[in-house]
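Shared between the two complexes below is subunit A, which pairs with subunit B and subunit C, respectively.
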Partner chain A sequence: MRIINFAASQAISSSAVLIFLTLLLLAASRRMSNCISLFAAQSAVIAAQVFATAYAHKSVAALMVGIMVVLIKVVAIPYALFQLVKRLHTSRDVKASIAPAGSVFITAALIFISYSAVQSYAKDLNVARDPLAAAVAIIMSGCFLMTSRNKALMQILGLLILENGIFMAALTTTFGMPLVIEIGIVFDLVMGVFLMGIFMFRIRETFNDLDVSKLRKLRG
Partner chain B sequence: MTIALRLAQFVFLLLSAPLLLGAITRLKAILQRRRGASIWRPYAELGKLFRKEDLVPGSASWLFRAAPRLAFALTVTAVAFLPIVWSNGLLSFAGDFIVLVYLLAFARFLMMLGAFDGGSSFGGMGASREAMVSVLAEAPLVLSLVALAVAARAGSLTAIVAWTGAQDFFNISVVHVLAFAALTLVAIAETGRLPVDNPATHLELTMLHEAMVLEYSGPSLALIEWAQAIKLNLMIALLIALFAPWGIASGVTAGAILLSIGLYVVKLGIAIVAIAVLESCVAKLRMYAVPEIFGIAAALSILAIVFTLMMKR
Partner chain C sequence: MVLLLPLIVPLMVAAMVLLFRDARRATAVALAGGCVEVALLANLVFQVYQRSTIAVGQYLRADALTSFFLVGLGFVFLVTLLYSVTYLRHVPPGRFSSPRWFYCLMFLFVFAMLAAYLAQNLGLLWIMMEATTLASALLVGFYNTDGAVEAGWKYLVVCTVGIAFALFGTIALYLAAVRSGVPSEAALDWTVLMNAGPALGRVSSLVKLGFVFVAVGYGTKVGFVPMHSWLPDAHAEAPSPISAMLSAALLNCAMYALLRYDAISVRVLGPGFSHTMLLIFGGLSLVGASLLMIVQRDLKRLLAYSSVEHMGMIAVGIGIGGPLGLYGALLHTLNHSAAKALLFFAAGRVRESYGTLELDRINGMARTLRWTSAFLVVGVLAIVGLPPFSLFVSEFAILTAAFHQEQHLIVVSVLLALVIGFGALIYQLQRMLAGEPAEVHKSRISVPEIAAMAACAALVLILGLHLPGALVHMIQRAMDVVNWR
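What follows is the complex of A and B.
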């Protein structure tokens, strides 16, 4: 029992490290399928953190949220994205506009910036610094992934990663939002992926490509 | 007693190096649904090469024969700093990890000189490629080791390992994760494994290390191959000691030492499986894509250094 208590208390601070690792790997990877797997791994780390919080605070609502995160973000959405990649018959490349090494450098810088940004804030709010910095870093690198990858699928994935960051920020500062709101957010997310999936097919039909840099042809 | 243990682990690492290579090759063969050669084959191969004649190109100077012998000696010296199953290395002083890095770099430099001295175009080509890889690998290697030393507030490998061993498993620090990622990438390149170099091929256009040693034969080649195997064993032992030292023996009781040896074999087994699976999954990178790997490793190690400033002690 003691070891479980200890693991639960450490999971919250250690998960930040694993999240940084997924962010750096996301910046380095060039294949769509790797990015999706990494997103699933990142969601799994966050789910573990929710479970640890649920255990520490003995809250059933948090447990439900954790189960929901596992079902939707670790299983359902990555599965849907894999299906999307398969059905769209596109190349495996994410079409990065920056070389992998450059992306990793920028992500490293973003992690550093997020640490220095939350430094004083975390002290005032009396919350753990590492998870909050990780949350900010996820949000920023989600934005970075959206802007630096030309494959339209990466825009969905960037948005999902960004949402992971917001979820984690809520988790660390207020120990999660009320259950009803969480359900609403997750439902929103599922619908978002669904709609954007349809949108992808439309983009490919119109432009014969999923490269967003080619969408400029729309200009009249 | 302790000096005997230190000596024993040093000799063990030197002698087990070909076995490690044999195990990886065998496992790769099994993964590719071949039967594969015996895991003892590298020993037989070394024995064969030692008995053969040492052919030297007519244009070569004394350097050609001296280079592999000196490089072997330097690699063996580098091993002396490693704690493996016993928490102290054979030699240990503040800053010894930097000496380790540059002993390996010096060995590599000598091998490059030897390759140029051989006078064949392949030797020169291989040496210049090797020079590029080692120049790029040096910064992340040194930086990540320095990051670990700063995190542990210790100067010698022995002290760093002792500090890491005293830490909690659940309390992984950012520095260690980042340095581990960077060091693994560098270790792959340093030891000439896939995806940076293919150790199994003599296909001219893709070779790095193999092109460099193409002119060598007999005992010289045996020493080169052995040194290369020792280097792989050294890198794996270094990664194990720095990032998973739990269970390493520090007391002189039979139980502790046996436990330490058992755990080390398990960790080594995991490393062997990881290398075999990785090498079966990936293809060799183009030469021009190799700097990217080092760019990533450099970014990770710089981030590791930055995080040592933020670590709570």
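What follows is the complex of A and C.
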């Protein structure tokens, strides 16, 4: 019993390392499918954290949120994205506008910045510094992935990663938002991915490509 | 029931209208449903007027501020439905581009905005704001041309990312409330936050952090410069009734969300912080948008930038604060809605007849499109803020408040922006009206279109000549809600 308690309390802080690992690998990978798998892995780490929190606080609501995260972010959305890649018959490259080495370097810098950004807040709020820094790093690298990859699918993925970061920020600081709100947010997320999928097909129909750098008719 | 019915009806109509493949029947169902919905909204507004606040459970609540914004939403929705009746006959059929899908998505869009107005919980407010993006993204891409698809995609991605920042800000505020001892189930309830107000001051850094993120997040949705990039594209590429809904209803909805957070921030930190941020965003939007208006080559893009300018005006009004500034800002949301809906309706007519919205190719409108030209003139004169139209009244109130507070920089930038916007719009208007008429595709203006435009024109004129006592009373009570008295 003691060991489980210890594991639960350690899971929260040690998961930050795993999160940083997924972020750096995401920056380095050039294949669409790798990125989707990495997103699923990252969601799984966060889900583990939710379960650890649920165990530590004996909270049923948190347990349900954890199950929801597993079902939707670890299983359903990655599956849907894999299907999209398959159905769209597009090249597997993410069309990075920055070389992998540069991306990894920038992500590392973002992690460094996020540590210094949360320093004072973590002290004031009396929460663990590592997970909070990880949450901020996820948010920033999600934004970075969205802006530096030209494949439309990567923009969806960047958005999902960004959302993961926000979820983790809420988790580490307040042990999550009320259940009803959490469900609503996830519902919006699923609908958003669904709609972006529809747009993806339309973009391919009208532009014969999924490269968002081709979308530059509207300016000014 | 008063509160729940207006939420249930649009969902039911959205589902029902899908059953009708025939365009005529779908239109009839939508119009009937729309009339019922507007009647229910009117009833809700009336009940709030008589009884002050109505609340259902923990999550839904209508107070004077809500009901003031509902007046604008109901009006815009009704005239847009009326205008759509004949507008949709020109839309080529496609997989999702059929009238039934148009109406279905439009009712979902209205549902989302309505729910955002009625939300008592900031989390629910966020969910519904995101839902407005989701419901309207397909409407923006409705024509399925390359421009429309690009605009729809951009709208969806930019607004979703923007709104994600607002979620982060909401979490920061939630954290601040939980840390100040508010029970976690109630910590997103804005009435609780308003009451707890000063107690949150101990974690003021979190409240500040939260407001910054919310201002950027919902500010994206309002279309503040520099987060406005989605706005002109979406407004220009969407079908004209949808452009009118976006500009006249959605932007107000986002502004309302910002106003709620601003009120909380003022309760906690005093007016200094959040009002300064609104003044900065408002000033940037005013000056930036008016400069961009000069170079526009497309009628609807020009109107879209004018919307950005007016949202900046409203933000400045809220930021100046005081009784007169806030009064002007609230009144301006309603005035701008009516005038901008009118202009987008007229733009839709121009597109139908000329087959283009390029300003260089629209000439001699005064001779070929008499009704539309007349309405366009009224709309442009109203939007640039000339008396006797109502936008003059609200802009004058905001400027007077700014003068009283000796905010000279703001006064100068507002006046500068207004003059530049005036020049750009009037110059393009006279170019469109005068000259030899080009080849136009003859399409007779229909009665519903005239009625929709006449209703908007009448509203801006009547409110400019005389503000009804009931409306003034409503605005004053809405201001009491913002100031939490």
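In the analysis below, the second predicted complex is superposed on the first by the 216 of 220 C-alpha atoms of A that agree within 3 Å, B and C clash if a C-alpha of one lies under 4 Å from a C-alpha of the other, contacts with A are read in each partner's own complex, and residues count from 1 in each chain.
Everything that follows uses one rule, which is that a residue touches a chain if its C-beta (ideal position, glycine included) is under 8 Å from a C-beta of that chain, and two chains touch if they have at least 3 such contacts.
Just so we're clear, the structure is a prediction, and the values are computed from it rather than from any experiment.
Asker: Check subunit A with both subunit B and subunit C modelled on it and let me know: fit or clash.
Answerer: With subunit A as the common anchor, subunit B and subunit C both fit in the superposed model.
Asker: Touch check for A:76: first (subunit B), second (subunit C), both, or neither?
Answerer: neither
Asker: First (subunit B), second (subunit C), both or neither: which does A:124 touch?
Answerer: second
Asker: Which partner, once the models are overlaid, touches more of subunit A's residues, subunit C or subunit B?
Answerer: The partner that reaches more residues of subunit A in the superposed model: C.
Asker: Determine, under the contact definition given at the top, whether A:100 touches first (subunit B), second (subunit C), both, or neither.
Answerer: A:100: touches subunit B, not subunit C.
Asker: Based on the superposed arrangement, let me know which partner A:113 touches: subunit B (first), subunit C (second), both, or neither?
Answerer: Neither subunit B nor subunit C is touched by A:113.
Asker: Looking at A:64 after the superposition, I want to know if it touches subunit B, subunit C, both of them or none. Which is it: first, second, both, neither?
Answerer: neither
Asker: Taking the superposition as given, does A:178 touch the first partner, subunit B, the second, subunit C, both, or neither?
Answerer: Second partner only, subunit C.
Asker: Between subunit B (first) and subunit C (second), which, if any, makes contact with A:20: first, second, both or neither?
Answerer: first
Asker: On the overlay, how many Å separate the closest CA atoms of subunit B and subunit C?
Answerer: Subunit B and subunit C, overlaid via chain A, are at closest 24 Å apart by C-alpha.
Asker: Using the superposition described at the top, list the residues of subunit A that contact subunit B and also contact subunit C.
Answerer: In the superposed arrangement, which is not itself an observed complex, subunit A uses no residue for both subunit B and subunit C.
Asker: Looking at the complex, which residues from subunit A come into contact with subunit C?
Answerer: It is residues 121, 124-125, 139, 143, 146, 152, 155, 159, 162-163, 166, 169-170, 173-174, 177-178, 180-181, 184-185, 187-188, 191-192, 195-196, 198-199, 202-203, 206-207, 212, 215, 217-218, 220 of subunit A that touch subunit C.
Asker: How about subunit B: which of its residues touch subunit A in the complex?
Answerer: 168, 170-174, 177-178, 181, 291-292, 294-296, 298-300, 302-303, 306, 310
Asker: Taking the touch rule as given, give the residues of subunit C at its contact with subunit A in the complex, in rising order.
Answerer: Contacts found on subunit C: 59, 121, 123-124, 126-127, 130-131, 134, 137-138, 141, 144-147, 149-154, 156-157, 160-161, 164, 167-168, 171, 174-175, 178-179, 184-185, 188, 203, 205-206, 209, 232-233, 236-237, 292, 295-296, 301.
Asker: Contact residues on subunit A for subunit B in the complex?
Answerer: 6-7, 10-11, 13-14, 16-18, 20-21, 24, 28, 99-102, 104-105, 107-108, 111-112, 115, 130
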